[in-house]
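Some structures are shown below for you to check.
Each of the next two complexes has chain A plus one more chain, namely chain B in the first and chain C in the second.
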Partner chain A sequence: MNSRIYYIATNTFREAVRDRVLYNLIAFALLLTGAAVLVGQISIEIEKLVVINLGLTAVSLFGIVIAIFIGIGLVSKEIDKRTLYTMLSRPVRRWEFIAGKFFGLAGTLVVNTLLMAVGVFAAVLYVSRHFAGSDASILTALYFIVLQFVIVTALALLFSSFSSPLLSAVFTFSLFVIGTFAEDLRGFAKLTHGLPGMLATAAAYVVPNFSALNVISQVAHGGPVSSELILYNTLYALVYAAAVLSAAVLIFERRNLK
Partner chain B sequence: MNRSRRTTTAAALALFFALGTSSGFLLNRVDQLRTGATLEEVLYISSPKLLKRASLGYSGLLADIYWTRAVQYFGSKHHVGSRQYELLWPLLNITTQLDPHLVPAYRFGATFLSQKPPHGAGDPAKAIQLAEYGIQNNSDDWHLYYDLGFIYYDLKDYLSASDAFERGSRVPNAHPFLKLLAAQTAQHGGELETARMLWTATYQTSHDKYIRANAAAHLRAIQVDLEVPALERLAEAYRQRTGRLPASFAEMNAAGLLRGIPLDPLGTPYKLTQDGRVLLQNPDDFPFVQKGVRQGYLPPVTPKILPSD
Partner chain C sequence: MAAIEVLALHKTYQVGFWRKRPKIALKPLTLSVEEGEIFGFLGPNGAGKTTTLKMLMGLVFPTGGTARILGMELDDPRMKAQIGFLPEHPYFYDYLTARELLKYYGHLSGVEAKQLSQKTDVMLERVGLKDAACVQLRKFSKGMLQRVGIAQAILHDPKVVFLDEPMSGLDPMGRREVRNLIEELKAEGKTVFFSTHILSDAEALCDRVAIIHLGELRRVGAIAELTENIHSKVEIVWQGTVAPAAFKTMEAECHTAGDTTRAVIPEETQEAALEALRHERLRLISVTPVRTSLEDYFMAQLADRTETQAPTSSGQDRRAACPTPDKGQALSNVGRA
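Presenting the complex of A and B:
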């Protein structure tokens, strides 16, 4: 990573911390502590399952919300505050600005996820008194969640590069929802023929596939995740995010900032 | 801080606490007006498929929430001795469709559904459906075959029970007693010794305090059902020997028919009536007994399940 991207990334990270983004960890800790203590009283034999399901779902949802709401303002805020002009008048290229913002927010989300992961494992230890070998799969689920964040951050940046914050939020969230139905969309494409079939197939490949990146239920039941899936999900998420970032750079390079 | 700001702060604090408390009271009143509405509302969306789609991939957590709702619903109904559990099946159906690998929902759910009211919903057909769906999705869990066999056993369908145990015994790492149970159920289905074997297996293999307490209560009831007729036969033997029924267990002791005063499984002496019948002193402590109770005895609305140990 060149030094300009690195500086923009670290400043984006610092700005997120200054904006008290990491305060969501307090809500997360309260949620998990409450669940770990209460669920044994109100349900039967699912204490560990609830802690894993709730913990990973919360990590995912908190992160998605942060990725969307911080991501959509990454470009527009710099334009509103006119700091973008100062930055671009220095030897910083537009693509470096986009890349730096992306790595800064992705880094914030990784740090946030790591801290939440500590909470998830602490809650698992509290309810089950010891770790089982299958608990290592929780790390895989957390890794897939981070891959989701990488894609959502890239999408938020893409929309932020040409649209208003409100519209960017709507577009990104809509794509997240559609992405969770990606496999249904693919199934629908297989059932239809002609132009609708081709459109559905195209849509199924264009929208991000978030369903393959969600192994929360599987992991909660102690099920293993194949190394092949880990490899292909990693490649898919990185390639997809890179493609989206390329589109963001393309749009931002041509954008008239005057 | 100037005086005006202090006044504003004090007023805001007072308002915050006063209005917060009032909203609590009001919510309480609203709950009283809408008794039972909260749970029924969760079934406004009764399609598991739709719920699964709406969960945006987080169906595992939603299943846990529905399972907790099912437990709460069953518990609240069971507590008041209800004989109607109309929402139990929809809640269990949604739970297991959202997460087909949630084994506790099959195991407890089938028990809740199959047991006769007021112990359960008295719907063994649905319990079998649930257990079979559980086996379909978790075919390597022998407990589910065991539970299915148990439901058939309760229905006195000993061949189906034996078949379920047999299927379970073929699962890798299945408990060895399943093979024994399959044979015992096929040959001696209706006997109390078979029932004792089943409940002993349940008691020994479960770590859940509710299941263990329930199994212990059934085992105590079986013991009473075996002991009471045996004691009554001894009283009859005494009559045949002396020409009259014994007035007390002490007389049977003196005649060499007994050694000591017979005690029920909780350590309380049995009672011998003038007509030679043997009764429990505290039948409410033995919710599943068939023997040792007066004619016309009505068990308590809420069964008394004592802690297992």
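Presenting the complex of A and C:
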């Protein structure tokens, strides 16, 4: 990574930390502790399944909320506050700014997820008293969740590069919801024919496929995740995020900062 | 070699949501700034100063024309490493301390890490923020933010410094410090291009100025050149609350305070004015030459434009009419010799 991207990324991370974004960890810890204690009292045999399900879903939701609400301001806030003026009058290229912002927020989300992961494993240990070999799949699920964050961050950054924070939030959240049902959309596309079928197929492949990145239920039931899926999902997320970031750069390179 | 060369640079925005219509922000602008020069870019609000600076900084793309700084294109990172920029009403990352901000910008400008700490400390001391180095910017006053802004613009020892309204928001002490700092930059051999609408600042500092109004360059030159064709004036003060009738024909601007009247008249009418005062036996207090200032020139330029656009509003209307006596009314006895 070139040094300017690195400095912009670390500054973005520092901004998130100083704006107390990581305080969400307190809410997460309280939620998970409460759930573990409660589930231990009311559930028989399925405590672990419930805790893994709840824990990973919480990791995903907290992260998505952070990715959207910080991501939508990454560019527009810099323009509104005019902090970008002193940045781009230096030897910083516009694509470097976008890349730095992306890595900064992605890094924040990775750190946040790692700390939450510690909480998930602690809750699993609390309810089951020991770790099983299949618990390693939780790491895979967490990895997929991080891949989701990477895509959502790129999308938020794309919308932030040309629209207002409110519209960016609406667009990003809508795409996240649609993407969660991407497999259903693809199934629907196969059932339709003619122009609607073509449109549905195009839409199904353009929206991000978050359903393929969601293995929470499978992991909670102790099911393994194939290495092919890990490879496929990794490539898919990286290529998708790179394409979205390229679009963001193309738009931002042409934008007048009035 | 010219430090800044601007050739027919212009900008037209498309405004409106459905029906786009052109709005000219800057008409073709051509000017050149020599190395080591302090160049003032003057104009009222909305004249096109900030648009020009934004185009030079690569923040706004020109509709046409070209510009080169230190002989390099505007998007050349090597050029950007050698310039500093202070935007108008600067905002910075307010979660950072002054030292953190300067270090961050230093890294982005390519200052070597080994030298950065030392340069940052020197710069903080130079702009008078040594004691506030570890305070977050969200706790800074407007004047302190302006100082940080100047510090970040010159931290990396640039050859050309662009300052957009650098005195804005500063108290008299702060303005004097910024003036001194700009003079220091010139003494160090740097080129300073600064925009302002505070003419006294430009007059005190600039080797040359450009005057821009309604997106159009009006004149470029040294202040003495610009003001040489402005007719000199004299200020006459006498005791009394009315002026002789002859003053009416002299384009006099009169102001009465207490029992004295002050009139500013063209130099060539001085003898006639004194003769009129003698004739009316009014006691003369002083006759003082009025220095032709950049402000006179600037206002004349703007007045020309205003007259062209709105013939009913002329510079003459703004003058205070001389309180001449009504027909048959005797002059005030106060002040008679």
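What we mean here is this: the second predicted complex is superposed on the first by the 258 of 258 C-alpha atoms of A that agree within 3 Å, B and C clash if a C-alpha of one lies under 4 Å from a C-alpha of the other, contacts with A are read in each partner's own complex, and residues count from 1 in each chain.
The criterion applied here is as follows: a residue touches a chain if its C-beta (ideal position, glycine included) is under 8 Å from a C-beta of that chain, and two chains touch if they have at least 3 such contacts.
Model, not experiment: these values are computed from the prediction.
Participant: Taking chain A as the common reference for superposition, should the pair chain B and chain C be classed as clashing or as fitting?
Facilitator: Aligned through their shared chain, the two binders fit side by side on chain A.
Participant: With both complexes superposed on chain A, which partner does A:81 reach: first (chain B), second (chain C), both or neither?
Facilitator: second
Participant: Taking the superposition on A as described, I'd like to know which of chain B and chain C A:18 touches: first, second, both or neither.
Facilitator: Second partner only.
Participant: Identify the partner contact of A:180: answer first if only chain B is touched, second if only chain C is, both if each is, neither if none is.
Facilitator: It touches chain B, and chain C stays clear.
Participant: Check whether A:39 is in contact with chain B, with chain C, with both or with neither, and answer first, second, both or neither.
Facilitator: Only chain B; A:39 stays clear of chain C.
Participant: If we overlay the two complexes on their shared chain A, which of chain B and chain C does A:93 touch? Say first, second, both or neither.
Facilitator: In the superposition, A:93 contacts chain C only.
Participant: When the two complexes are placed on top of each other via chain A, what is the minimal CA separation of chain B and chain C in Å?
Facilitator: 21
Participant: Considering the complex alone, what residue numbers of chain C touch chain A?
Facilitator: Contact set of chain C toward chain A: 13, 54, 57-61, 77-78, 80-81, 83-87, 89-93, 95-96, 104-105, 107-110, 149, 152-153, 162.
Participant: Going by the contact rule set out above, which residues of chain A touch chain C in the complex?
Facilitator: Listed in rising order, the residues are 3-4, 7-8, 11, 14-15, 18-19, 81-93, 254, 256-258.
Participant: Under the touch definition given earlier, write down the residues of chain B that touch chain A in their complex.
Facilitator: 53, 56-61, 63-64, 67-68, 71-72, 99, 101-102, 104, 107-108, 208, 210
Participant: What residues on chain A touch chain B, complex-wise?
Facilitator: Per the stated touch rule, the residues are 39, 42-46, 49-50, 53-54, 57, 60-61, 177, 180-181, 184, 210-211, 214, 216-217, 220-221, 223.
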